[in-house]
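Two complexes are shown next, each including subunit A; its partner changes from subunit B in the first to subunit C in the second.
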Partner chain A sequence: MDFFWHIVITIAHTLPTFLGYNLVFGRGKILHFGPYGVSIAGAYALFLTLMHTQNYALAILAGLAVALTISLLFAFLSLRLTPDSFGVMSIAMHLAMIAVVLNFSFLTRGALGLPSIPRLPFLEEIEALAITAIAIAIGFAFLFYRLEHSSFGRALTALAEHEWHAKSLGVNRTKVTVIAFLLLAVAHVHGNFFYGQHIQFVHPNDFQFSHFVFLIMVIVAGGPGSMRGVILSAVLITLLKEGIRFVPLMPDVLGPIRLILFGLILFGAVWWRRDALFPKQRTV
Partner chain B sequence: MKKLLALSSLLAITLAACTPASGETIKIGYLGPLTGDAAAYGVDTLNGVRMKVDEINAAGGINGKQIEIVAEDGRCNGTDSSSAAQKLVHVDKVVAIIGGQCSGETLAAAPIAEAAGIVMISALSSSPDVTTAGDFIFRDYPSDALKTTAMAGYFETEGVTKIAMITENTDFATGFRTSLIADLGEDMIVFDEIVDPGTQDFRTLLTRLQGTEFDYFFPNGQTPPAIAAMAQQFRELGFTQPMISHDVGDSITLVEIAGDAVDGFRAISVPNAGEGEPFETAFTAKYGSPQQSLGFSAHAYDALGVLAQAIGAAGTEGTAIRDYLYALEGYEGIVGNFHFDDNGDVVGVPYVLREVQNGTFVTVADIAVAPR
Partner chain C sequence: MQLLVNAFIAGSLAALIAGGLALVYGVLGIFNIALGQMVLVGGYATWWLHQSVGLPLFLSIPGGIAIGGLVAWLAFEIFVNPFYKHHRFLPLVTTIALSMILDGIILLLFEERPRSILPGLKETFIVYGARVSIEHIVLVVVTLLLLSLLAYVLHSTALGRRIRAVTQHDHAAMSLGIPAPVLHRVLFIMSGVLAACGGIFIGIDQSLTPTLAFALTIKAYAAIIAGGNGNVWGAILCAYVIALLEQLVIGVHWFNVFYVPAGFQHTIALLFIIFFLFFRPQGLFATRARTA
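Take a look at the complex of A and B:
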């Protein structure tokens, strides 16, 4: 049963990040390839503060402050650069964040990671952790649903479809972009907090590009911009990823099969969704 | 989306067909990196475990019960290691785990094993953090904190006062660097550079090193190819100072890649246990040459051996196995006669000085480890 709860927590704690990224990349069509740059900075701010102060509220505030600040920087860059330039810049930012964590070892312990992260007393039981993670994930899903069906969601879609026309109709690009990035930052902090509470160990390798590839896979397979599709895709691909451990083959055979399978899923998803990924702008 | 649903349905059917069967076997989990950059560690340790299991099973098992190994890929990271440990503990219901092998795997899996009261014995994790990972966490591989003490003692004996070091930015290598600096003091490290994991070109750094006076060069890499590249380029640039590294450098892969460049290369390492003994003959006959080091396989072999002895004597209950291991006075394994201290760290595994001579590593001296 605990393994079931483990899967539930894995899905629940990552779902808000998937939905947040779906808002930016899927619906907003902003080529943001550095979400884990924000995530690693927020995570280290959160857990270093927690381990030094044992104060959860202060730690979450620190994580939020850092994640929101870096997200504002990302938003600023996305407003100033062309989409493809921003895509390259966001990769550079991600690499820079990982480099900072790895090399400022006097502060971050570098490649040693952060072990023995304390757990909130009421989250000691895995069931309690899972139920809390589900409740918060549902809260996030509701928030994102409302946002997508609000004027904000329509403005984001309009900007993605044709920025010039959207602006001429009074859509404030700066405001919409900044809100989308900040929402993703909040989702990252949530995901980091629950990841730390669950695994009790954080390592720079957990923010490498392989994790970003998984994020992209979920969004593309679910349908960029489709909230329902992304939720379903997150659940199914996570089940596939963990479920493949049960196939009765030796893990040294299964491992490469899993990598090939995920490569094929990503290839297929991009192939079938190629029009949704990079849509032609509407013309008048 | 329909295709995704179909795929998941197929998976669900597969899962249903693969429900673990219960039987008169003792299930022991194995957790290690079987894919990814560190897969060589996983393959060697898993083969060491398999070999010991085959021997025990051929001799009748533990109290008449056969051992069944359930191996899971931890991929040398926290996320996969956590999932693997959850499955081993809660789905496969193993009585104990040999693993993780990377320290990151062990540290991520430790809280799960602790909560379930399942003993974990790591055959390779050397991070000092593992010492405090929990009551149920053991290792038969010494902590880096001891290894750097051994290296510092060696430098003192040799009268070495100036070290040039290039460190690959990974958990093992940076952990080693931190411990070594603590043992030697910053003043002795006259050249201290950190490079990104996987870096293969060190010529720029080594060109800078040309203006520095030093006695020993320490290529502190995570893998033998990284150390080989540092050593090879070090010699290409005309340096004549001796080189020394840790147990990762103590690998035939280093000699194969770097060739003559590593002639005289030294490594402070645990003994390449089993080398030249019947263990090596039996191991290579069954699995071929080890991918990384025969010593790693020997540590895994002994980890399974001491665990099997504990299960045979104390039963399969986690607390009883743990208490047996803490009370153990000595286990005569391939790596030596060892036991565990109050933190589950191994005591009794010696250090040796190894050197490349005529294209192969040979042991040239024992290294004493005295607290500094």
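Take a look at the complex of A and C:
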């Protein structure tokens, strides 16, 4: 039964991140390949503050402040560089963040991670944690649904389809891009908080590039920009990811096989969804 | 002096990888995220042929290069060719999938242990106060020869003129009878071969580990972006500049107070490039594309 709740919490706490990234990459077609750079910075700010002060409100504020600041940096970079150059440099930023966490070991404990993260008193029971995570995930899903159907969502779609045309119609690219990045940062802080409450341990390996591949795989497989598709693919691919643990293979074989399998799924998803992922531009 | 020599050796490796890639980016307009893994394929294949099969080094190196070229050709046919004409950003995602697949295969076949093509201590000697080995000199000379060959092919042969024509305007070149799709394939394989040479360089100079891949990819692309997207010589120059920055960051006793920990070597150079791109996003040597 605990495994069932573990799956429920895993899906619920990652769903806002998937939906946030769906907004940036799926709908906005912004090649942001460093979301886990924002996530690791926010997570360490949150949990280090929590462990030093035991004050949840202050910790969440610290996590938010750091994640939003790094996101602004990413947003600014995305506005300055060509889309594909930004894609590569965002991976560089992500790797830089991991290097900072690993090397500032006097503060972050480096490769040892942060153990014994305290839980909120009312989230001690796993069922309570699961129900809270589901309730908040539904709240986020509602928020993203409203945003996608608002003028902001239409502006983001217009910019993705044809930037110059959108700008000539009065769409403010800077404002729309910054909002999309900030929303993703908020979703990351939420995901980190619940991940810490559930596992009570944070490690730099939880933010490696393979986790990003899982994120992009969910978006592409679900249909970029489609909320319903992304939710469905998040559930199915999380079940697959967690189910692989039970395959009777040695861990040093299982790890590489998981990489190959996820690589093949991502490739298949891009093949299947290539028209939705980057549609051919309209011509006269 | 030692810092400069180290920077020159590391820069030669990065230039070898970045040069071929800049050409691919200039012509096809695509980034290959699996580049680091393609570097490792060449290195590990040479290690396998030399250390496991027992072939002599002069046969193992061409074998490693051939396997690197073969993997690059397969990568082009499966992960790039069906996608890049549809939209040039699609290969950015498909090569992420390729990088995961190659990572998994490398881990399965060669495990996480460091593998050196020529294990054991290398004999070194002092030149102008800097310690170098015979292997270093051979690797740097071979790299410079390869880059000179690239320059000769690009600027003094009919093939080079065709390549430059396709770089400037794909469709205009095709209308003049230049087979652009064939050149795309040749250039991608050539970049794979140069990447495989880079892997062999690493395997002889240091040792190969699967974790090297992403750092190599990002450094090569940082050089390409900072050099001005698609400018081969700008990319090569920036590869040397990044290598020099990396050496200076950790080798200098800053303000006579502190040394930067070695773990920040790659990070600080990359952050510098990102900072630089804020002010000159088109890179150092960006060239304008021809228009009507």
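What we mean here is this: the second predicted complex is superposed on the first by the 265 of 284 C-alpha atoms of A that agree within 3 Å, B and C clash if a C-alpha of one lies under 4 Å from a C-alpha of the other, contacts with A are read in each partner's own complex, and residues count from 1 in each chain.
What we mean here is this: contacts are C-beta pairs under 8 Å (C-beta built on N, C-alpha and C of every residue); 3 or more make two chains touch, one makes a residue touch a chain.
Note that the structure is a prediction, hence the values are computed from the model and not measured.
By the touch criterion defined above, A:147 lies against neither subunit B nor subunit C after alignment on the C-alpha atoms of chain A. Within the superposed three-chain model, A:133 lies out of touch with both subunit B and subunit C [touch as defined at top].
Of the two partner chains placed by superposition, only subunit C is touched by A:76; subunit B is not.
Contacts of A:23 after superposition: neither subunit B nor subunit C is touched. In the superposed model, A:112 makes contact with subunit B only, not with subunit C. Look at A:270: by the touch rule set out above, it reaches subunit C but stays clear of subunit B. When the two complexes are overlaid on their common chain A, residue A:89 makes contact with subunit C while staying clear of subunit B. When both complexes are overlaid on chain A, the residue A:201 reaches subunit B alone and has no touch with subunit C.
Touch criterion met: A:240 reaches subunit B, while subunit C stays clear of it.
On subunit A, the patch touched by subunit B and the patch touched by subunit C overlap at residues 99, 102-103, 252, 255-256, 258-259. On subunit C, the positions that touch subunit A within their shared complex are 30-31, 33, 79, 82-83, 86-90, 92-94, 96-101, 103-105, 107-108, 111, 214-215, 217-218, 221-222, 225, 229, 261, 263-264, 266-267, 270-271, 273-274, 277-278, 281.
On subunit B, the positions that touch subunit A within their shared complex are 1, 3-5, 7-8, 11-12, 14-15, 18, 34-36, 39, 42-43, 46, 71-73, 75-79, 82-84, 86-87, 89-91, 104, 107-108, 111, 116, 127, 129, 132-133, 169-171, 173-175, 178, 194, 196-197.
Subunit A contributes residues 29, 31, 33, 76-77, 80-85, 87-89, 91-93, 95-96, 99-100, 102-103, 209-210, 213, 216, 220, 252-253, 255-260, 262-264, 266-267, 270-271, 274, 277-280 to its touches with subunit C in the complex. Those residues of subunit A lying in contact with subunit B across their complex are 1-3, 6, 10, 99, 102-103, 105, 110-113, 115-116, 198-203, 205-206, 211, 221-223, 229, 232-233, 236-237, 239-240, 242-248, 250-252, 254-256, 258-259, 268.
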